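In this document, chain identifiers A, B, C and D correspond to the written order of the chains, with residue numbering beginning at 1 in each.
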Amino acid sequence: MRVGVLGAKGKVGATMVAAVEAADDLEFSAGVDAGDPLSALTDSGTEVIIDFTHPDVVMDNLKFLIDNGIHAVVGTTGFTQDRLDQVQQWLDAKPGAAVLIAPNFAIGAVLTMHFAQQAAPYFESVEIIELHHPQKADAPSGTAARTAKLVAEARKGLPPNPDATSTGLDGARGADVDGVPVHSVRLTGLVAHQEVLFGTQGETLTIRHDSLDRTSFVPGVLLAVRKIAEHPGLTVGLEPLLNLG
Amino acid sequence: MRVGVLGAKGKVGATMVAAVEAADDLEFSAGVDAGDPLSALTDSGTEVIIDFTHPDVVMDNLKFLIDNGIHAVVGTTGFTQDRLDQVQQWLDAKPGAAVLIAPNFAIGAVLTMHFAQQAAPYFESVEIIELHHPQKADAPSGTAARTAKLVAEARKGLPPNPDATSTGLDGARGADVDGVPVHSVRLTGLVAHQEVLFGTQGETLTIRHDSLDRTSFVPGVLLAVRKIAEHPGLTVGLEPLLNLG
Amino acid sequence: MRVGVLGAKGKVGATMVAAVEAADDLEFSAGVDAGDPLSALTDSGTEVIIDFTHPDVVMDNLKFLIDNGIHAVVGTTGFTQDRLDQVQQWLDAKPGAAVLIAPNFAIGAVLTMHFAQQAAPYFESVEIIELHHPQKADAPSGTAARTAKLVAEARKGLPPNPDATSTGLDGARGADVDGVPVHSVRLTGLVAHQEVLFGTQGETLTIRHDSLDRTSFVPGVLLAVRKIAEHPGLTVGLEPLLNLG
Amino acid sequence: MRVGVLGAKGKVGATMVAAVEAADDLEFSAGVDAGDPLSALTDSGTEVIIDFTHPDVVMDNLKFLIDNGIHAVVGTTGFTQDRLDQVQQWLDAKPGAAVLIAPNFAIGAVLTMHFAQQAAPYFESVEIIELHHPQKADAPSGTAARTAKLVAEARKGLPPNPDATSTGLDGARGADVDGVPVHSVRLTGLVAHQEVLFGTQGETLTIRHDSLDRTSFVPGVLLAVRKIAEHPGLTVGLEPLLNLG
């Protein structure tokens, strides 16, 4: 399989070039960065492209790729519903072309969300602890907030978490995200970590995801590259490519 | 829903009687123990029975229950394939009757196995750590051994765990269960705990189940009581009653 | 060593009677409860008493014990500074008599606080997570609040935890106890658990204490019984009896 | 304080140069690497040197440093008892000179060992789990083996871990290091992690150290640089510089 990289000189792009070159079953076809002509992709016979570029250019990239029947695995951010609708429209006109757009390629993070949703109906209590380096600006993390919303959705109709707290300090019981308490720890030395804790009579279930370095997106991108051709049309999120049925 | 308990005076049975009585949506209809006539179940209009009895009597119980159209949730042990075939045959003759036989009703344990199988194909490495009180006779635990086998099955065709260990002490790398290292910790103060650890580039995923007391089977049995009528015929294991599709 | 129990028919007292009887090196001398004469202790040659009674009676107990040269290990609550001063005064008049009064006999809890104080000066960041059953009324727990205060004291003069949080939800960053964030999780199935997390460049240190059942005070009380004679006078807290120098 | 670095162009040395330059209270005086004259240290008024060089040259370095009254913080390996005796002899002849030689500067690792030794006498059971990346050649890790030996030493005279294991698989119960079971996990994505688990009636205590990147030695080296002048003579290991009394 011939694989190209858009944004090939960016930090993430360069990591992906190296990863494609290191994979026995993939062949690196072309790297394109700002200023380079997109025709390098067609000239090199690229079958699948990895796009970690910028919201300003990604739509032009996708138009070109779809028109030329090159499948795209996209980690670039900034996809509004309008943009997704536009991509869908282009794909409708080009049967067989495939685009995957995912906000998070870390397989562990995707599985954590999936498992948390599956477990949610079967426990009385659920809380989330996320732990990150202290340079992080938002608390809770976007991933934790999203996980909490998904869990809350999966528990719809069930009684709320039991909680007899009657005296205490502000903040002790965490942030409330749709009824799910979320606790944010900021600690020098940490990278990005999340625990979803479930409890019922006599037992608890904990799903923990640890990102230990900045390359944890690599296996998920490679998995998407290998599977994208089996998923023509538009796919949002890595989850549909995993066999979680 | 009218619910009876077979083995009502045993430790587990008595716990289940109390749990049925405490549940708003269930009504305790009859408790039967050794020497009591099974007719107490039909006389009391029992719709679902919970059977935590003994391999010596459970088959007679099931024959009676199926004949009388009483659904059965069974935690009694000792079901060989021959016994399962016999139960299946009785059920074939009585459409609508439902029997669930499960070796483990702790929902957290069942979900741990299910999630571990789902995650298994997406990680380079997997190991299991189980931790129990020091009175336990077997190492690894039956649950850990079974989890390892299921994980190994789900990884079939993938490369083995990478492991460069070249010098070391016997036992450091754990027990090998179909290629999955399993480590058994025995510590005063613990009850029953299990961690399945997955790792790939830059990230790890950990699924941990803690049984903190001996009543962790209760929510799973009640869940089975409530859902059994929707699953006519023979069901083995709690998993098919959970919405894990 | 002949050991008696005051409050012998209470839940904790009865547990201690059983624990003394089970210990090879201790002999159970006498159990005294409300209405029983204290002379049963002197008549039985009791050398050390365990007192889990009530604030209303504990001072009278201690006066009698000190006067009669019986060492006392006291878990009864309600000791104000005035009460401690009074006990000290009685002990001053009776050289050799020994009284230990401790709010917490769980050795793991005591060690967690001790280690947390020792580690505190060497890390940039520290946070505390405490996890309890959902029937608990206060958040954070008294133990977590006290641990946070001790850690804050040990960090006096050091820069505060780094924290770039600029946007977020109320409560996400926990309760602030003297500059130490404390997060309180309430989950069905849990008993009493606490984690102190320290972080500095490239590494973290976590000290975790799990109380898994209500008898975790037993080993600490027995340790105090065995060592009290070596600590004449008044001792507050279990820590001075541990060799932590 | 004027601080120099020997082995300044090596990976560790370069990291230390950057760390000294980034510290407000330290001034980088001179970097010396293979082929550079040691006189650069005296010429630059260096007060403390950091030596991460090679067993072949470290003894000559130390002779020069001691003779010139420059304190030395040494992470270079290969110190036999003979070498330590020689350094001691040089220091005896030069009162006021200070040399610290440490095999491990990660404060979390040093504290883990210290706390484990302190806790050891108070628990019935102790086991160690160490978790590393799968490229590691030895199992258990040197740190885990050393921790186990220290814990075993601190438990001398106590009964062995209770363990009723009667049937099982080879290796399940880990490696035996002086009676302490040690379990080695090897998982892609991990760096270097260690847990010491203690258990007694109703409670457990866990001390966990996570090294998340290769720079976790930096804070310990800087701490040693700041404190070495207060510790004239030879100090082995970082522990004596921490206030753990």
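Details
In the analysis below, contacts are C-beta pairs under 8 Å (C-beta built on N, C-alpha and C of every residue); 3 or more make two chains touch, one makes a residue touch a chain.
Protein identities per chain, from UniProt: A, B, C, D = 4-hydroxy-tetrahydrodipicolinate reductase.
Please read these numbers as outputs of a predicted model, since none were measured by experiment.
Counting steps between touching chains, the shortest path from chain A to chain C takes 1.
Annotation: C-D is the more contact-rich of the chain pairs A-D and C-D, by number of C-beta pairs in contact.
Using CA-based centroids throughout, the chain positioned farthest away from chain A is C.
Repeating the A-B interface, with the same residue numbers in over half of the contact pairs, is the pair C-D out of C-D, A-C or B-D. Each chain gets one centre point, the mean of its Cα atoms, and the points for chain B and chain D are 46 Å apart. Note: centroid distance chain A to chain D, computed from Cα atoms, is 39 Å. If each chain is reduced to the centroid of its CA atoms, chain C and chain D end up 33 Å from each other.
Shared interface positions of chain A, defined as residues touching 2 or more other chains, are 123, 189-190, 198, 200-204, 210, 212-213, 216. Against chain D, in their complex, chain B makes its touches with residues 123-127, 129, 131, 134-140, 145, 161-177, 181-190, 197-204.
In the complex of the two chains, the chain A residues touching chain B come out as 106-109, 111-112, 114-115, 118-119, 121-123, 198, 200-219, 223, 242-245. Contact residues of chain C toward chain B in the complex are 189-191, 210, 212-213, 216.
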